[in-house]
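Look at the two complexes coming up: chain A is in both, with chain B in one and chain C in the other.
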Partner chain A sequence: MNLYQAVIIGGGPAGMMGAITLGNHGVKTIILDENESIGGQLVKQTHKFFGDHAHYASTRGFEIAQKLDEEISKNKNIEVENNATVIGIYPNNTVVYTKDGQEHKIQAKKILIATGAMEKQLPFINSDLPGVYGAGAVQTLMNEYGIMPGKRFLIIGSGNIGLILAYQLIQAGVEVRAIVEALGKVGGYDVHANKVKRLGVPILLNHTIVKAIGDESVQGAIIAKIDDKFQTIPGTEREMVVDTIAISVGLTPLTELAEQAGCKVEFIPELGGYVPIRDERMRTTNPDVFIAGDLSSIEEATTAMIEGKIAALEMARDINGSDTKEEIEEELRTLALFRSGPKSVKIRSGLEKMGIKISIPTKPIINEKKEDVIGKLRAVLECDEEIPCNSCEASCPFGAIHIGENLNSTPVLDAEKCTGCGTCVNACPGLAIFMMKENEEESTVTLGIPYELLPLPEKGQKMWGLSKEGNYVCDVTVERVVKYPNKTNIVYAKFPIEFKDTVRHFAFPKKESPIVCRCEEVSLEQIEKVIDSGVTDFEEIKRLTRVTMGPCGGKNCKLVVLGILSRKTGVPISKLSHGTSRPPVKPVEFSVFKKGGDDK
Partner chain B sequence: MEGRIEQHPILQFKRKKKIKFYFEDREIEAFEGETVAAALHAAGIRVLRHTPNLGRPAGLFCAIGKCSSCLMEIDGIPNVRSCMTKVKEGMRVRRQKGKGDVL
Partner chain C sequence: MKSNASVVIIGGGIIGTSIAFNLAKLGVKDVVVFEKSYISSGSTGRCGGGIRQQWTSPMNVRLAMRSVELFKRFKEDVGMDIEYYQGGYLLLAYDEKEMADFENNVKIQKNEGLDVELVTPKEIHEKFPFMDLEGVVGGTWCPSDGHANPQIANIAYALKIKEMGVDLNTHTEVKGIDVQNGKIVGVETDKGYVKTNVVVNAAGGFSHEVGKMAGVDIPTYSERHQILVTEAINHVLDPMVISFKKNYYVRQTMHGSFIMGQSDKEPARGNDLGHTVEFLEEMAPKMVHDFPFMNHLHIVRQWSGAYNVSPDAQPIIDEADNISRFIFAVGFSGHGFMLAPAVGEAVAEMVVYGKSKTMDISNLKMERFKGKKISKERNVV
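Now for the complex of A and B:
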């Protein structure tokens, strides 16, 4: 049997960071991962991460995975075993896995289990129907494999995952009909909620799903309002036409392997369900076994990476006597800072049940406001929630944004120092920074918004200005579009000054256009576009749009098309050429002609 | 047909070689590197099996190999997680009926 100094189960953010740390301290380490490449669930995260600039804040999830993967492949102490499914842990730190249809056994001095979590189930009528998917499954299909996960979605749960999923679906061109949330308030960060609200996705609070509709797969959903005891209120049910329902009601740790390794687990709902009991440095009740990441508590990738590092530093101490004491202290301080904000109340109380106390840093949260400078192009920071992130402060080349030592503080802009460069708009993971300049003399305002959708608007284009809730406010004119390598572009547009605090998104005008030619499915808009491009001959319009050329031979639409042409050109229908009518005037199968006929 | 995403504001999908496999004897196009479940989904196929007792249709749930909702019969072997199995040229995939035989 192969003997390793350290085995890591799971190559997600926690496992990868653990491996790098162990490798750097001279520990021979193997990562066992079930997938073809490591990265865990980071590979499907397209959004930029919050956090400390030193910990990959403002970097997209899949890019963090790439960076860690590169570091791992350079480190000679780390071996990666892909496509390796761990099926059990046995006495003497023996890990059994299968690969390519074969069983393998390895032993290790120390084991780091970083198996992560999976989506919680939500049983409702037909919740087992194909098309009811975990939010993560939708992300996998869409962001990892580039497959359209569905056409019309309903999302259950407004935590960060549900909110991020809604945004990602829209980026992929999928319609999101609504997000339903059982509680009376949005579960995730405000900035994530704002991102989807201004795109027009309603978040229905105090609502739940009652039933998925469909025989073989989802064709709709029934949702209803619920009372404060989470019971559906009769008479409030309504049907939604959707083809996919995404469940994002939370994650729960995958503790099976830890349990087999003899780690004691306890049910601590604040941390996600059953979790292995462990000390501050991630050691479980089995002294040879450590845990990190979502397995230890459901949080996010940044804290998972720090935990992976802490576990690895402690393991290295055990294995080869590395002096990692100071490093551990430093990482523990960072972790405490991340968990010190109001959004981490649940995690703190969960950890406390385990005997781990998070000391709130003495550095106070500062939320001061500075004088704005009207009429100058400057940043507008709409980040009023205390979340651990300092991307804007770190990105500003002019020191105009201040957060301070406690990264839970909300950012403050020194408008005097701000040069209007837009770097912070591009960096903010919450897309919560805008650029603004009042043009007093013409009573307009120029607003720059972060834009991560396709197609990208062009200068001079007319668009709709949408409110924070995604409603139409006024027309806007695109002034300029600044492209950035990280794909968060900035679109600047001008509109009447009275809407400067209302408009927060620009959208292409939505025009519904009736179908004129039902055989060839040609809309009024398509026909008008051809005529507007200078084509005024009926025969030419036919060839360009295929109107009148379907099975009905133009019986349905010829007059309508001529009417449109007449209206647009001012030439009466009687004066227009209306084409030639050729046989067959009804659909006839080819075999009729093949057989030949007899002349009667 | 659910189809594939051709243009994306953030991601670039570098598709590998086009291959063919069979679902219930029907030829399906896929790209190397895709899982069976993903390729089927792209072809509009969401029902991956019928449950052994109640005969209810079942499809993906987690798509990362945890939930065992997507078990299929792949190249004659039952109970294979179609979300973790990469599609291969000529592979024969069937909706699983029943629990699968031991031999």
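Now for the complex of A and C:
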């Protein structure tokens, strides 16, 4: 039997970083991974990753995998065994795997398990119909094999994975009808949600899927609203015509091998379900076995890599007495800083249950705002969520963007220093940076947006300006298209200045008229027709078409309708009557008023 | 804006535009309508849209029945789909006394030829199993009652009359009526003066004020009524349901939302008085009790409008006898939308022939209040 100093099971970012670290410290290491090539989840990811610039932030997932893979193949201490599925861990650290229909056995001094996680299931009627997929399976088919399993998707779950999948599907040119989310708020990062919202994908909160429809494969889905006890509310069911349903309701660690190796596991929902108990340096209750990555807690590639490194440094100490103490402490500090933001609350409390305390950051989160410079071409940073990422700061050649040492801080622009180069727009993984210049004399604004779709528009072309929610706002004219090698291009277009804070995406005009009021599904054409029939009073247009009369009360489309009316009648918006606002500002349930008011 | 009019109509609500429509149909030229705001800005745009024939006064029953005939033809006559739907009206009774009244009303209504019946709680339950009928002892049911979208109806009339040559002026307020030697000679507006000898007061909530412009004291006043609309869900409720005892009405629009309201205990007087949170607090428990599925339904918007109230809660349709040609169709007391087609027809005939021809509406004259005991329409929410 072959004896290795270290065996790593799972070749995702955690395992790869572990291998590189071990190899660098002179430890003979083998990676076993069941796939044709290593990379784990990263291989499927075509989007740019968030995170610490030092850990490949703003690099696309599959490119991170390529970079790590290159390092691994250069390192003589590391052996990679692909298509190797580990089926069990036996006494005396014996790892058994199958490859080419054959059993293989190896022994190791130390084992790092980095098997990642699997997708959770969701039961609903007909969930076994062909056409219902896990989100990961859709990504694998689409991004690794170039096969598109459907044309019209419904996505269940608005975590980062569901949001990213929606974005990738649209990039691939198919339709995403909606993302359904059981909770009252989006699960993933706002920036990811915004990316898909402005492409016109509605995220239906407090909704669930009731059933898939179809005889031989999915032909539709019935979704419904749910109450705070997750019960469907009768009468709110509605049908959506889709041919594919992608489930992304979370991941849960793959603990089987760790359990077989005698590692104690515990149920800690904050970390993703059953997880192996381990210490700060990733050692499980079996002193020879270490874990890292999604197996230890469902988190991020950045944390997976740091954990893989910490585990490897500790293993190297055990194996050949390498002096890694300082390196470990440095990595632990980076990890703590990374986890110190509000987005890591769950992870922190989960780890605390295991007895691991993350020291509260010594570096405060700073988000002060600086004076804007109107009329100058400059970046507009629309990143208001405290997520651990600093790619914009690192990318700016002029030092105009400041995040500081705590990468959970939101970025601040010094508009004086900004030269309008657009490098940050290109670097931001959240596509949350835009370029803007007001042209006061002609009452227009020029907006530059990150654009990752094909084909690219051309100069002079007319497009639709869409809002943050993906609704039609006004027509725009493309001024300039700047291409970048990393495929995040910047498209600059011009449109009326009153929409400078409204328009955030440009789309090619479609044959059907754009929907202006999404609540009531009223199109531009319907509104123009009513105006052409001689109805030029906003109030009358509203009553005839129902525009602005839906649940949002016109928050999203009122200005757009006034813009259309102004364009058609020549009366400036400021001179038009715009209706009356009536309570409630947001729809409220009857149940709220059932007991009568409580005076405070 | 024309400088000469054969007839000036003050008010572009459902009543004013219906009258103009019928005048144009009778071939009257140079009809001018003044509306101080936009079309459907008055009570019409704020109303529940119910179209009911189950009244206690025979006159109201007849007018409503005639209107139903005309609503059925509205799309062909006026040229727009106004979401008219004959889903019926269900009136609920909660004690023997109320039930006895209902039995009496049904006799009156049947006498006018209305297809209406008494229903038991069991029959109600079979029709509407989703309702909680606790305390209900019976009810009445008229399948040809229904509802429509009042705002679209108002705008439909407006577009049609413009097409027929009526001079419709929105955002134009009548400031005075020029009466000389007992004869109307013109109308003053904030956009100019129009010569005319005939004026129709269809000013809804402002009927009393416009009456005063011509020196006629019309016994009407306005009071606030509140109303709300919910989000849209699948169609479940066919009829308008009314409970006088619990004080509510509710219907589901063709669009899927529910519209509902009540009469406040002491309705505020005047026009456009805003809205109260107490209205929501009072509506919620009774609506959720009777319609349990509404518990998690979202309220999308609340608003209010004016009932222009007359002493007997029936309209006043008349021509002034002390000056020459001042006609009024006012005081609809919360049910003017449903009567508008028939009222428009009758008033246009009054203008052209001196009296209405299709129907005899002489008992809606103002003189009915002189000295006599007032017999009030009771079926009002």
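Annotations
The rule is simple: the second predicted complex is superposed on the first by the 511 of 600 C-alpha atoms of A that agree within 3 Å, B and C clash if a C-alpha of one lies under 4 Å from a C-alpha of the other, contacts with A are read in each partner's own complex, and residues count from 1 in each chain.
Note that in this section contacts are C-beta pairs under 8 Å (C-beta built on N, C-alpha and C of every residue); 3 or more make two chains touch, one makes a residue touch a chain.
A quick note: this is a predicted structure, and the numbers were derived from the prediction, not measured.
Once the two complexes are overlaid on the shared chain, A:584 sits against chain C while remaining clear of chain B. When the two structures are aligned on the shared chain, A:75 is found in touch with neither chain B nor chain C. By the document's definition of touching, of the two partners only chain B reaches A:128; chain C does not.
Within the superposed three-chain model, A:216 lies in touch with chain B and out of touch with chain C [touch as defined at top]. Within the superposed three-chain model, A:119 lies in touch with chain B and out of touch with chain C [touch as defined at top].
After overlaying the two complexes on the shared chain, residue contacts for A:537 are found with chain C alone; chain B is out of touch. Judged by the touch definition given at the top, the superposed model places A:234 against chain C, while chain B stays out of reach. Shared interface residues of chain A, touching chain B in one complex and chain C in the other, do not exist. Chain B makes touch with chain A in their complex at residues 2-5, 7-11, 13, 15, 33-35, 38, 41-42, 46-48, 51, 56-67, 69, 83-84, 86.
Of all residues in chain A, those touching chain B in their complex are 34-36, 41, 46, 60, 62, 85, 118-119, 128-134, 136-138, 140-143, 145-151, 171-173, 215-217, 254, 452-454, 487. Only residues 225, 227, 233-238, 533-535, 537, 539-540, 543-544, 546, 549-551, 553, 577, 582-584, 587-597 of chain A touch chain C when the two sit together in their complex.
By the touch criterion given at the top, residues 38-41, 45, 151-152, 155, 159, 162, 170, 231, 233-234, 236, 255, 275, 277-278, 280-281, 283-285, 287-288, 293-303 of chain C touch chain A in their complex.
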